[in-house]
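Okay, got some structures for you below.
Shared chain: chain A. Partners: chain B in the first complex, chain C in the second.
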Partner chain A sequence: MVKKLGSPFMFLLMVIISLISLYPFYTMIIMGTYESNQLYTGIKFWFGDSLNKNLASVFSINFLNYYKNSLVVAISTTVLGVLVCSAAGFALGKYQFKGKKLMLAIVIGMLMIPSQLSIIAFVIEMRWFGWMDTLWPLIIPPAASAFGVFWMTQFAKNTIPTEVLESARIDGCNEMSVFLRIAMPFMRPAFVTLALLLFLWSWNSFLTPLIVLNSDALYTIPLGIRGLAGQFRNDNAAQILGITLGTIPVLFFFIAFSKNLIEGLASSAVKG
Partner chain B sequence: MSKKLMPFVAILLTLSLVLTACGQSSNTGKNGSKNEGSNPSSAPGDNNTFTEKSPEEYSGEFTLWAWGDFEANVVPAFNKVYPNIKVNVEVIPNSDYGRKLQTTIASRGDMPDVSLMEVSARGALMSLDAWEDLSAAPYNAKLDDLLEYALPLITNEKGEVVTIQEDATMAGIAYKRDLAREYFGTDDPKELEAIFSNWDVFVEKGKEVYEKSGGKVTLMSGLYEEGFRLLSGSYTEPWVVDGKLNIESTFKPVYELMEKMTKNNMFGKLDTWSASWNASFANNNVIFYATPTWFVPHGIKPNDPDSEGRYGLMRAPVSYQWGGTGMSIPKDAKNKELAWQFVKWVTMSMDGAKAFAEVNNTMTLYKPAMEANIYSAADPYFAGQDIMSKFIEIGKETKARPITLYDSIITDSNALTMKMIENGRTAEQAYNELVKMILESAPELK
Partner chain C sequence: MSTDELTKRNKISQKLAPYIFVSPFFIIFALFSLFPILFTLYISLTDWTGTKDVSLVGVQNYIQVFQDTRFYRAVGNTFLFMIMIIPAQIILALFISVMLTSKKVPFVGTFRLMNFLPYITTSVAIGLIFNIMFDSNYGSVNEILMKFGFITEKINWLGEKWPARITIALVTIWKYFGYTAVLFMAGIMSIDKQLYEASEIDGAGKWRQLFSITLPNLKPVMIFVVLTTMIGCFQIFDEPYMIFTGFGATLVGGPQGSALTGTWLIYDTVFGGTFRYGYGSAISFALFILITAITLVVLRFMNKGGE
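== the complex of A and B ==
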């Protein structure tokens, strides 16, 4: 009885919540089809007729190249980051060694410090490596994400049974095989969640590219889109269209892996 | 086992390919900077002077960080005179320009050879010990060639000229001719100047316009920031003197005037640069706009492109100026001599002035170009009025307030306290709040 009464109500509630959540996203899509000076003349519910004009503005800047740079940076960070973080997480979660507590404390400490605070030291370091005005500072440091290491450590500690690892060792597995063949499958849900988060952070990163990149040829999407804002005028509609186009890969990844993402978040929420 | 390892091998291979792509980009960047470093013109001021050469003899490249296309636009004309100097214009978003510059200075990163200083961020930037003094050797900028009013805007507190402003920024009032005829019976600039000769008339006429239009039309758009620029523009006291706040003589009278004007509905509530303000040009809800030179090509014309002949330009009761972008040469620049050729050519040459006017539709501060009458022309958009000559006439009487380190804090606080006046608070309340807010941000000014 309760269920029968509750279901239509829940359905309606979910429809309303979905509409509220989706409306800003829908608005972003339709705003990219208006002219900038029409944007604030009233609430828009349907598409405008300036899509081609805005597309021309978006492609008047080096948008495809920004897209390529963003993809290179985000994919590299994700692949490298997942490997580094899961290896570090497995080691910190499942091995006992000297200095482990200190290392974990450093990782947690890094989580607490906003990146803006350390930006000057970061730039000095990147200069020292000779990495200024290259894509390396956007790939290598974020691949060793403090959050990623912490996340994988917690996951490895809670989900990989020590007995399984020990039986693998008894059966003759070396440590690399234990990690790749035994630990990795256990960590898969966290692996996917982390990959999505790393991709998203890298894709949306603005401050680091702003500071380390000087050449337009290396700009990523968030930095490049800002080029549509001049000193006196903002081509808001073209910027919004650029953002919409920039959201496509993130959406694609999210839709493709949403099941794993939720699984990863849920399992760590229960066990973490 | 090997099958299970395959995905990892594939990932590693993909990664190495992708990272190789990064490597190519990085090489380009490094080579670029190496070229700059090895440039023969990269050791300026060794003997404390630049050797005079003909323009063709200067060769090499330099980097300029810009946020728009003001500078890039004049590069082709510059290269006609200096064919062997390559200008690398790197575009940094305007809103993030200061942050990038300050971080680069703090971390001693690679500075550009020419950096821009927009007037609103100039106080904090000029006080950094990061810029060449362009009035000293080896640059020896001929400051007499620039309109006098600009000198306080380009000089830091140590008396060094650390930037040369590109554009002239003297300002008047642009008005919509149709609305001026409807409400004041004339659209002639001279007659309107005679009517609007003091602020009391502004208050009186502002009230009339509001009442006659049933509240649909206001004389001016809003307090922030047009109203403030117009009303405060004639005050030349620096806002900080000897490390103490010195705003009373400027802000008290300006706020009192604002209070009176707001109570009489002279101002609308449109913030300058907001979407509704942009829309007001093509609509009929505002008559007057505080208008510096650059505002014509960047404020009025883009917002109201189909209104040829609709606008007029008149003097305000006071001579004032607003805005401006300067070009500076960082101490850490690698190609100072080449950079200086560009800065000098744009800001202090007849060719530069002509090119600037042609591509940017506004003028530089170079006096000889104004005296040679190169800008004089009937502007059809202003119903044939020679607005450039009007601006030059205003420029001769314009004075500017020296910029201080704290100007942006004061400007930001002022943007908030003006809202108090707009919402019916008294000038005194707003002024007290302004002082409180500034001292909270900069307690050392007490």
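== the complex of A and C ==
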């Protein structure tokens, strides 16, 4: 067994790093079961006994509504994003056409530019659209992810055999069904990876909702949860419990699909 | 319809199809990603403060930006963060990814998940948890360090300049190294196994293999990681914002501005009480140029280094 583990020292080091990595997450889970005034009283290793009290606080605000908003936003942007990115990625990866080089250059250039830099112009634009204090700015813009298209382009180029597309055309498939019936199944692994990442980024997004949303009824979880600490109350334990509850969907997806995530990454982007 | 006509029609639809496929993406992309950048440039040349009266003021905002100590502080902090974060993050991620792809470690899936969990944790949670962990009086970090005798006096992590920077660097490394490790793992898995087998026959040890096979073959991933992490350092905002202001206090940029970064400076200039759109946009565009320059330099440097 010792031989199988490689150097025991290296293995031990990895275990320690992994435990440190896990510690804050574990802390989050157990801190949600204490009273707020117990949080700042030294290290805790096990659950407290205020879970029910904190649950009551969490559901005393519109938590379910925040949850619903987060789900609506994350699911919509994921579905839309996967569709537009895979269609564009398929075209850029598998067709020859005028303007393709320029389009790819723009996408790759924009990969490197943080969207936060143009947040002011973005907000003014949202006002023109009448989209301030609506969920649209959180759904539509993130769907056109430069990363997503880059990703899908690489994947389509490397994994879809051109001959299969050609023979489908000879059999009389039009371009739309070539994309939907022939190309899509090949792109499935990349699909899952992109969907996971889009969902995660949307679910955890903070700056854009912070700036565009004003009404409590539209708040997503990260914004809504702040309502438990502020001028009138300071229930940090309940905040943490709310966030823990908010982490469940992403945790679930990542455990279910973590194999796909790595394989999807391995088969496309890194070959770029 | 004859076969000729059919092929002709197919040829036309094959020419048109790619444009139809890319158009939904590029319409959204042009509207919400490209246009805001050009618009930022325009706003940066005006004195816009949110009211109806807007007049062009030329490069006046830029002159002001280059005299603004807060701008230099934000850029300086960003470079400090790069130095503190990038090497540590890459070494940790490499270590984990090499271990987990070595086929000599049990529970690969569990370890992978443990190290990936920080990446899926929302920044609001990270802010709250680290605020508690790094609390100077009751935080677990000070308690552990004192127990093991590393320090004799409690460190005021969130109240002093350098400790605050170290805290933010640690939070950032903690959050992203597992994700980086996954990228490295993907890269390592796509390296040709025969390379390792051949070098084993030649009698190369594990360290030798790491430096002469794994690392050179990871170069594309490495360039990607270094670039995105450097650019990410300009964007550090969510976590420090929650750590330093999450509990009602509004300490812009942390103690003495020690954790102020580009994104935070823009946020504070425009959404933190004043509405100096023109000035904020000038800061944005200056950072945009800086980031482009860094990207080009890094790409050139790293592409040369490998040849």
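The rule is short, and it goes like this: the second predicted complex is superposed on the first by the 241 of 272 C-alpha atoms of A that agree within 3 Å, B and C clash if a C-alpha of one lies under 4 Å from a C-alpha of the other, contacts with A are read in each partner's own complex, and residues count from 1 in each chain.
As a convention for this text, a residue touches a chain if its C-beta (ideal position, glycine included) is under 8 Å from a C-beta of that chain, and two chains touch if they have at least 3 such contacts.
Values in this document were obtained by computation on a predicted structure and should not be read as measured data.
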| item | value |
| --- | --- |
| Combined model on chain A where chain B meets chain C, clash or fit | clash |
| Touched partner set for A:I211, first chain B, second chain C, both or neither | both |
| Which superposed partner A:L180 touches (first chain B, second chain C, both, neither) | first |
| First, second, both or neither for A:I255, with chain B first and chain C second | second |
| First (chain B), second (chain C), both or neither touched by A:M132 | first |
| Touched partner set for A:S76, first chain B, second chain C, both or neither | first |
| In the superposition, chain B vs chain C on chain A residues touched | C |
| First, second, both or neither for A:L245, with chain B first and chain C second | neither |
| Partner chain in contact with A:L55 - chain B first, chain C second, else both or neither | neither |
| First, second, both or neither for A:R226, with chain B first and chain C second | both |
| Partner chain(s) touched by A:T27 [first = chain B, second = chain C, both, neither] | second |
| Set intersection of chain A contacts, chain C complex versus chain B complex | 39-41, 83, 119-121, 124, 211, 226, 229-231, 236 |
| Residue ranges of chain C in contact with chain A within the complex | 10, 13-22, 24-26, 28-29, 31-37, 39-40, 43, 92, 95-96, 99, 102, 104-106, 109, 111-126, 128-130, 132-133, 135, 137-140, 143-144, 174, 177-178, 182-183, 185-187, 189-190, 220-221, 224, 227-228, 231-232, 234-235, 237-238, 246-248, 262-263, 266-267, 270-271, 277, 280-281, 284-285, 287-288, 291-292, 295 |
| Of chain B, residues touching chain A in the complex | 1, 4-5, 8, 11, 14-15, 18-19, 21-22, 25-26, 28-30, 32-33, 63, 65, 67-70, 90-96, 99-100, 103-104, 106-110, 112, 118, 273, 275-276, 278-279, 282, 294, 298-299, 302-303, 325 |
| Interface residues, chain A side, partner chain C - complex | 4-6, 10-11, 13-14, 17-22, 24-25, 27-28, 31, 39-43, 83-85, 87-88, 90-92, 95, 97, 100, 103, 106, 110, 112-122, 124-125, 140-141, 143-144, 146, 149, 169, 174-176, 179, 200, 203-204, 206-207, 211, 221-222, 225-226, 229-231, 234, 236, 239-240, 243-244, 246-247, 250-251, 254-255, 258-259, 261-262, 265-267, 269-272 |
| Touch list for chain A against partner chain B, complex | 37, 39-41, 69, 72, 75-76, 79-80, 83, 119-121, 123-124, 127, 130-136, 139, 180-181, 210-211, 214-218, 223, 226-227, 229-233, 236 |
